[in-house]
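For reference, the structures are reproduced in the following blocks.
Two complexes are shown next, each including chain A; its partner changes from chain B in the first to chain C in the second.
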Partner chain A sequence: MKLRDYIIRRILLLIPVLIGISFITFFLSHMIGDPAAAWLGEKTIGQEEAVKAIRAAHHLDDPLPIQYFYYLNDLAHFDLGRTGRNEGGRPVIEALKDYFPATLELAILGMGFAIIIGIPLGILSAVFKDKVPDHIVRVLALVGVSMPIFWLGLILKYWFSFKFDIFPLDGRLPYTVLAPPKVTGMYTFDALLAGQFDTFFVALRHAILPSFCLGLITLAILTRMMRSSMLETLTQDFIRTARAKGLSERKVILKHALRNALTPTTTVAGIAFGGLLSGAVMTETIFAWPGIGRFSVKAIGSTDFASIMGFALLIVLFYVLSNLLVDILYVYLDPRVKYG
Partner chain B sequence: METIAKKQSFINRWMEKNDSRIKEWRHSVRLFFKSPLAVIGLIIVIGFILVAIFAPMLAPYPLNWRDFALQNAAPSDAHLLGNEIYGGDIFSMIIWGSRTSLLIGFFVVFVCVTLGTLVGVIAAYYGGWVDEALMRVTDIFLAFPYLVLCMVIVAALGSGLMNVMIAMAIVSWPSYARLIRGQVLSIKERNYIEAARSVGASDWRIMTRHILPNSFSPIIVQSTMDLGSIMITAAALSFIGMGAGPGEAEWGRMITDGQSQLLNAPWISTFPGLAILIVCLGFNLFGDGLRDILDPKMRR
Partner chain C sequence: MADVLLSIKGLKTNFYTYTGVVKALDGIDLDIYKGETIGLVGETGCGKSVTALSIIRLIQWPPGKIDEGSITFDGKDLLKLPLRDMQKIRGNNISMIFQEPMNAFNPVYTIGDQIAEVIMLHQKKKKKEAWQDAIEMLKFTGIPAPERVAKSYPHELSGGMLQRSMIAMALSCKPKLLIADEPTTALDVTIEAQILDLMKGLKTTTGASILLITHDLGIIAEMCDRVGVMYAGNIVELADVGSIYKKPSHPYTVGLICAIPTLDTKHCNRLATIPGNVPNLIYPPPGCRFHPRCNKAMDRCSKEKPGWYKVGEGHYVSCFLYEGGDKK
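Moving on to the complex of A and B:
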């Protein structure tokens, strides 16, 4: 099978999954009782006419399969319903568009932390297997995996923002600084594009604690993955050959082993990226970061169901697509992997 | 006298019959205790379970005890870790909270292992379209990020610890089903299964006596490691206001309650979080150790 056929097959296989996802979200959004009553609040008594009108307008009296059809039709037109009072009832899709760049920025920076720190730590751990650096790195990685990040966020905020005053407490920019002209919606990148380096550093300083917090678990996972795949690579024949040729240990590890050990780590990083976006729920709440995670928590607080579902659908879509991308990347990186 | 002798001989016979198994087991235990990290994990896990069981004896103050005069009070002799925003004793609340965490962890894992085994075995055993259908269902569940699906389900069911547990069970079982299915599929093809079949063992006997006991070690490792992350997720859901209510002795909720007082009473959030970290680390260390001994490929 050719790579192109493989990609087409994978995309076709996505269809049942996407239908299943829409089915779950539809099912859940019809479990919350009468949406008409939810919209009108406690004022339903004596407003039977209004309830009827809403039910008719939203096809709530139709049989469930037909309602599902309407739901799919709305989804296909990117109509995710309207937000609650928090957002003034504007379409959910607009709110998501506004908030998503902030989350994406955090996720990209978090991934940056994870890769820049995690991969060297993993290499260090593998090279010094069963020696002191290895033990330290392994324990640190386990601590990272076991860390409740919402708690870590608070602790970091207390020590680094409040006690030592190194980083700002929360938000994306102080009130005194204007946001850079919008291109991507991500302040750090936009500031760079506009050449506003002062704004860039201020925005970066705001993003460091939350993105570190967000990336920590991925960092720990990457470290562990890098260690084990490096250990496996180091036992292989071509490494022995490289050593036998008289290459320096440094060259053997950085040129020969690293390249091969990176393949599985890349795939794990790709899968983790989708997960990072959902981790933003916690981090954004703690650092008052105006992204989709904080948006969803506010929606939960006011039982704004359309917003919660919109958030979930966006995250799932990202998650599914990043998994697909990883699978495709994997066969590209490792030609030995068979398609199918 | 006679019965004791009978019993003794029975035990002896059993030990003779299972000699290789016992030796294997002894070897595993010895290997496990060679790893200091695994032992630390085991100690934390046992300690945590004991604290949860004996909470009424260990906690200096009763559940729901409050002294409104002591709101946000700093750690003192009478209140080792200070008091929270409603004046409750943090040390006691952490001890009481261990029961909630333990209950959530074991409930979710129990449901997942049961349901996952059932679905996984059915899928692997019947194969064909049954397998295909069941696995597509798990695909859909696994297409959601864990936390997000939990959030959505709790949002639909309504907040509360019971609903958090139900949601987490719904979200977690598919990965167990896949794990069991993979195990059963690979074991099904082994020679000893064929041998059992050739001497006329029934499907049921092959399943329960030969396949399942041999497929359980990855499940044990998986569920041990999961216990930690389940507790973190439950705490996280409480943290965003979906689990325990304000002032309840639940670790995640205690962290949320302390959030508003972070700058003037940091101990309120710090100690419950530390409890989560230590317990979760314990389960991970223990699970790592278990994997090293249960997976022969990992043995050094």
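Moving on to the complex of A and C:
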């Protein structure tokens, strides 16, 4: 099968997945309250007529399954509905377009941390198995996976912002700095594209604590994964062959073992990337980062169904896409794997 | 055949496991002559592979360690060489082929890349030239369409093809010693015959010495000039191939040869199996490690380790029964 056909097939498979997710989120979110009342807010009391009017206009009096089909119909036209009061009722798609790049930026940087630090640590740990570096890395990884994000976030802020003032406390940019011209919506990338290096560094400094906080669990998972797949690979016969050829230990590990050990780690990284996006809820709240995580928290707080579902669908979409990317990458990493 | 290429003296290799120290090699002595093919036979677990891996120092610590002995090659004790110098010998002067050709190649690189790698490493050749040499080597081992095989990944080739490629890789730097650890065990019979034919030809075309490890006495008879019989970490008998079948001397060798129904069995009293089990090498029997299973065991066999005794021209046995003979 050609790569293009494979990608097309996988993307078509996305449709039933998205329908399934919309089904679940639709019925779950409609259990949390009355959106019409939420829309009107405190004014509801004595406004039964208004509530009724809103309910009628938005088919809210129809049975849930019927409402679901209205929703699906809109979805098929790429209409995710309208946001609630705190977004001023603008289309959900627009809100997502505004907030998503910020989250994606965090997730990409968080993944960057996880890969750049986690993979070498995992290798180190495997190569020095049962020696001091291994013990240190294993303890760190254990701490990393078990650290509660909200606590870590607060600790990071306390030490690195409040105490030592190395990084800013929260937000994406100070009010005094203009956002770079919008291309991707991710300030660091856009600043680079526009050649505004000052803005880039300011944006990066703002992003470092939250993205590290977001990426830490993934970092720890990748470290452990890399360690175990490296250890597994090092027991393989072809490693003995590589040594028997007279290759240096460095070459044996970085050329012969690494390529093989990366394959399982890549899968985990792909899955973790989807997790980073949804994990952003906590981090964004702590660091006042205006992304879809914070957006979804507010949406839940105001019974804003359309926004909640838009958030869920977007996360799932990226989950599936990052897995697709991993599957494609796989073919390059391991010649035994074929599309299919 | 007088020149010694590699000389092993008193080699002891131990594995320090959780359950105890596995005394895998209990003082191996073996000379390998220039240009000869020497076989090592013995039951599974007797230490054949450990001997081979000890020679190129690929016993992994932990748990394995070479604790005593010397391995002299080219006037140098390999066991005392710095790792860097040992790496210059591996794959260059001494190379090795393994039992499972399917697992012995790295699955993510092509055969050609993997052969070229060793040529680039030891002969300091450029990639293109090394790749050309690799194809030459593949051709030399009788592989049809060597260009195509060079571009293939291991999973795309058959076991026989892989083992030929392995031999090509092992020979690509013209080693003086080729160690082959059960090179045909994983292959089916017709392929086995082809690979053995190929290896037989090597002696004349390359002049390399071959250390051939197997548990198949038939292969020894067909391929080797001399043979060492191993039992539980010791070489117990060492002889020219002709004389070992004519006059097996160590009780273990006798048992081993009698276990093959097709061979001439005039030394056997219809015994086809050796009673008892291979000893646990964590608590090996004292004295001669074979004595608990030996039908000719004497008192002293459980107390002292026998030395080497000569029973014929180039034929030595490590057994008190032959104490009358000359010392080696």
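Heads up, the rule we're going with is that the second predicted complex is superposed on the first by the 275 of 340 C-alpha atoms of A that agree within 3 Å, B and C clash if a C-alpha of one lies under 4 Å from a C-alpha of the other, contacts with A are read in each partner's own complex, and residues count from 1 in each chain.
Definition applied: contacts are C-beta pairs under 8 Å (C-beta built on N, C-alpha and C of every residue); 3 or more make two chains touch, one makes a residue touch a chain.
On a predicted model such as this, the values are computed, not experimentally measured, just so you know.
**Q** Mind checking the superposed model to see whether chain B and chain C fit together on chain A or clash?
**A** By the criteria stated at the top, chain C and chain B fit after superposition, with no clash.
**Q** See if chain A has more residues touched by chain B or by chain C, and give me that chain.
**A** Touched residues of chain A are more numerous for B.
**Q** A:59 contacts which: chain B (first), chain C (second), both, neither?
**A** In the superposition, A:59 contacts neither chain B nor chain C.
**Q** Please work out whether A:238 is in contact with chain B alone, chain C alone, both, or neither, and reply first, second, both or neither.
**A** second
**Q** Now for A:246: first (chain B), second (chain C), both, or neither, which partner does it touch?
**A** Second partner only.
**Q** Quick one: classify A:90 as touching chain B (first), chain C (second), both or neither.
**A** A:90 sits against neither chain B nor chain C.
**Q** What's the minimum Cα gap, in whole angstrom, linking chain B and chain C in the superposed view?
**A** Nearest C-alpha atoms of the two chains are 8 Å apart.
**Q** If you lay the two complexes on top of each other, which residues of chain A touch chain B in one and chain C in the other?
**A** No residue sits in both footprints.
**Q** If we count contacts the way the header does, which residues on chain A are in touch with chain B in the complex?
**A** Its residues touching chain B are 16-17, 20-21, 23-25, 28-29, 31-32, 138-139, 142-143, 145-148, 150-152, 154-155, 157-158, 162, 274-275, 277-279, 281-282, 285-286, 296-297, 300-301, 303, 305, 308-309, 311-312, 315-316, 319-320, 323.
**Q** Would you pull the chain C residues touching chain A in the complex into a rising list?
**A** 56, 58, 62, 83-84, 87-92, 95-96, 98, 100, 103-109, 117-118, 121-122, 153, 155, 169
**Q** Where on chain B does chain A make contact in their complex?
**A** Those in contact with chain A are residues 37, 136-137, 139-140, 143-149, 151-153, 155-157, 228, 232, 235-236, 239-242, 252, 255, 258-259, 262-263, 266, 269-270, 272-273, 276-277, 280-281, 283-285, 288.
**Q** Quick one: in the complex, what on chain A touches chain C?
**A** So the residues of chain A touching chain C come out as 130, 236-238, 240-249, 256, 259-260, 333-336.
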